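Chains here go by letter, A, B and C, matching the order in which they are written, and residues are numbered from 1 within each.
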Amino acid sequence: MDRILPIITNNLDIYLSGLLVTLQLVGISFVVAMVVGTLVASFRIAPAKLLNWIGGFYVETFRNIPLLVLSIIFSAGLLRAGVSLGKMSAASAALGLYTAAYIAEAIRSGVSAVGKGQIEASLSLGFTYRQTMRQVILPQAFRTVIPPIGNLIIAMIKNSAIVAGSIIALDDILKVARIVNSRTFATNEAFFWAGVGYLLLTIPATIIVRRLETRFAIKR
Amino acid sequence: MRGNKRLWIIALMMVLALVAAACGDDDGEDGDTGDATGGETEEEAYEAPAGTPMADWQEEGSITIGVKFDVPPFGFENPQSGEVEGFDVDMGNYIADKLGVEAEFIEAISDNRIPFLADGTADLILSTMTITTDRDAEIDFSRPYYVAQGRILVPEGSDIQGIDDLGQGTTVCTALGSTYEGTLGEQAPDAKLDLVDAYSECFEKIQNGSVDAVSTDDVILTGMVIQDDSLQIVGEPLTTEPYGVGVANDETEAADFLSETVEESFDDGTWDGFYEEWVGQYTGEDPQHPSELTLEDAYELFPCVETC
Amino acid sequence: MGYLFDPANWEWIFAGRNFMFLVERFLNNILIALIVMAFSLVLGLLIALMRISKNKFTSVVTGIWIDVWRNLPVLLILLYFGLALPQDVKEFWVDIAPSFLPDQIKDSGQVVASIIALTIYNSAVIAEIFRAGIQSLERGQGEAAAALGLPYWKAMRIVILPQGLRRMVPATVGQLITLTKDTSLVSILAIQELVAAGSIVNNTSGSPFGGTGVPAPILQVYIVVGAMFVVFNLALSLLSRRLEVRERKRAGDVETITGLEDQIAIKQV
């Protein structure tokens, strides 16, 4: 590890640009994941068997398929089928849709944790289904759902390395480390700084999630 | 308890079945391709001097050679035969035959082939590897055994006809850890580089339109054109890329042995045979014969940049 | 849409040895996952016990170890070990690997690098699962055991661990699913597994080099590859639910961890 400082000082610019690429990828994927995840969750809890089934199919498929395979399908696969997605779009689609399956499950557990009793009670008090969801269930579910979603963001930061390292070939933190390594052969140093880069993102995120957990904890 | 036990027995049987299936298919899988040329060299059996790597290899009875598994015509895996084939593979078998040992082929991609020599995973590397002075700091090379040239591959009807056309807004694909990272950085500084693990990915990308061009050794590009003739190789040669057989650092006796063996293949016509089979019959061109270049010439082409 | 369902694009499945080739390589993924899980269970238990140790120093240092590995991308750990693992370790593996393993796993230094990398990551996750399981019991059972006069290690061995670990079975199977998905990443280390095999079939099936004459488009190939993983993982998760139901029947309503273990930090109960 003797070249530990020169490696970062000589290559600071590309390490930083790698960090930005990772952040951009996680940001866009998060939006995709939240939108699709909420939609799928609503299918799962809707009082319609067909929608339940579609939601279930989505969740089981996207939770059990490796993200690497999904990345190949969304980039090369779609391009061949005539769907033209740019690199960042394909990458965010893969990471976003993958994570959406987990978000859907988190939302679904959050809602069911609130309890059937509350749904029945508010319906019998004259609230419509919609009002029940919006004013009774969801606000409570929201509090239980924050920690898992926070943890999923951390998972996304880690998983971003997979989509970027696939055939999509984005220059994220890990890719930069590999490039620096291939030029200088300083494997330990190059990967050390990549590790630091990821920890700079995941550790603060973990701390924030733990704080939120205690703040939003529902005392039962 | 009864139900539990049944589940465990079933699980165990499944695992055993899987393992048995995996073992059953060991024969004929890639790994050992052994001696290809039918042992005529018995009278000239090579005696390795004691204490040299060649002696170790003879004692082990086998030599592990890192080749590409996805770069026809130099090294590629054929799922129908389960074996690796190609120019590099044939050269590897030739070397193994001289030693009288079996050749085992493992996959060496561009960014792990040098670590493989450093840590002993591979004894030799025959993986379209260009001789450079920087690499010489980490490993040793034999004399050049093939001379490739850097070219550019583009799809049909492309506006790109040479290195100068790779300007702002174009994307070029090449392998992470190859000499082209540097070459393209110098000769086409405005182009965006797509760095991937394997040339098969570059091939996919140029066919599906995610990159405008692929740049690497002409033999690799030729392999792609053979598979898809809508692609074309354009432009003047960017670089001369002499390939060398790689061996672990500071093993000068091994490097000398390899150089001698390569030269023998030039003299006895084997090299020409390999060339014709893997390249000549497709391109119809005559190669720049590697005997024209020495190891020193090769180092001069790629002088020291990072490891000085 | 036409491209997706066009039968010509699916013919490759029946051409030559394409499909069998994929299945054979998938076995490598499964084998690696099982080997890694076996090591991770042992190592994970050890780490978990260190994490809950009364010794403040051990507990804190182990906590840091766990947090560091769990917060790094698996791919980074894999690539690092693939590129930097010293020779002695690789030679050691080639010597001790049992002969019933297929060649690609037995003789490969890259495989041992990937096993070590995956074990380091996986054992940290398993350690957290075990810790949650043990601590979900500890108070009541621990006090009861103490009241009965059992010393710490005996209490652990006879009372706490058997119950705690049993609760962790569904979560552990869940982690095995994640691990199976992670084995797809070893393709980047040039190990001959399913994702790499997909690339080979896609490249060679229609080509003059070793082809079957039937092209295998990348979209369809990877849909099949993905489906193989999904089917296998679904089977595992069904097994896990079976076990959960069985456990619930036996022990009454047991508090189990939800199915999001790999994504959720297990908090202290």
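The working rule: a contact is a pair of C-beta atoms (placed from the backbone, for glycine too) under 8 Å apart; a residue touches a chain by one contact, two chains touch by 3 or more.
These numbers were taken from a predicted model, which means no experiment stands behind them.
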| item | value |
| --- | --- |
| Geometric centre: closest chain by C-alpha means | C |
| Comparison of A-B and B-C by number of C-beta pairs in contact, larger one | B-C |
| Most distant chain from chain A by Cα centroid | B |
| Length of the line joining the C-alpha centres of chain A and chain C, rounded to whole Å | 20 |
| Whole-Å separation of chain centres (CA-atom averages), chain A against chain B | 38 |
| Between chain B and chain C, centroid-to-centroid distance (C-alpha), Å | 32 |
| Interface hub residues of chain A, defined as touching at least two other chains | 76, 80, 165, 178, 181, 187 |
| Shared interface positions of chain C, touching two or more other chains | 83-84, 188, 218 |
| Per-residue multi-chain contacts in chain B, two or more chains | 111, 115, 197, 201, 204, 208 |
| Residues on chain A engaged by chain B in the complex (per definition of touch) | 75-76, 79-80, 84, 87, 165, 167, 169, 171, 175, 178-179, 181-185, 187 |
| Touching residues on chain C, where the partner in the complex is chain B | 16-18, 21, 24, 27-28, 30-31, 34, 82-87, 90-91, 100-104, 107-110, 188-190, 192, 196-197, 199-212, 218, 239, 242-243, 246 |
| Residues on chain B engaged by chain C in the complex (per definition of touch) | 3-4, 7, 11, 15, 18-19, 21-23, 25-26, 29-32, 69-70, 72-73, 76-82, 85, 104, 106-109, 111-112, 115-116, 118-121, 197-198, 200-201, 203-204, 208, 223, 226-227 |
| Complex interface listing, chain A residues touching chain C | 60-61, 63-70, 72-73, 76-78, 80-82, 102, 105-106, 109, 147-148, 151-152, 154-155, 157-162, 165, 174, 177-178, 181, 187-188, 191, 194-195, 198-199, 202-203, 206, 209-210, 213 |
| Residues of chain C that touch chain A when the two form their complex | 3-4, 67-68, 71-76, 79-80, 83-84, 177, 181-182, 184-185, 187-188, 195, 198, 217-219, 222-223, 225-226, 229-230, 233-234, 237, 258-260, 262-265, 267 |
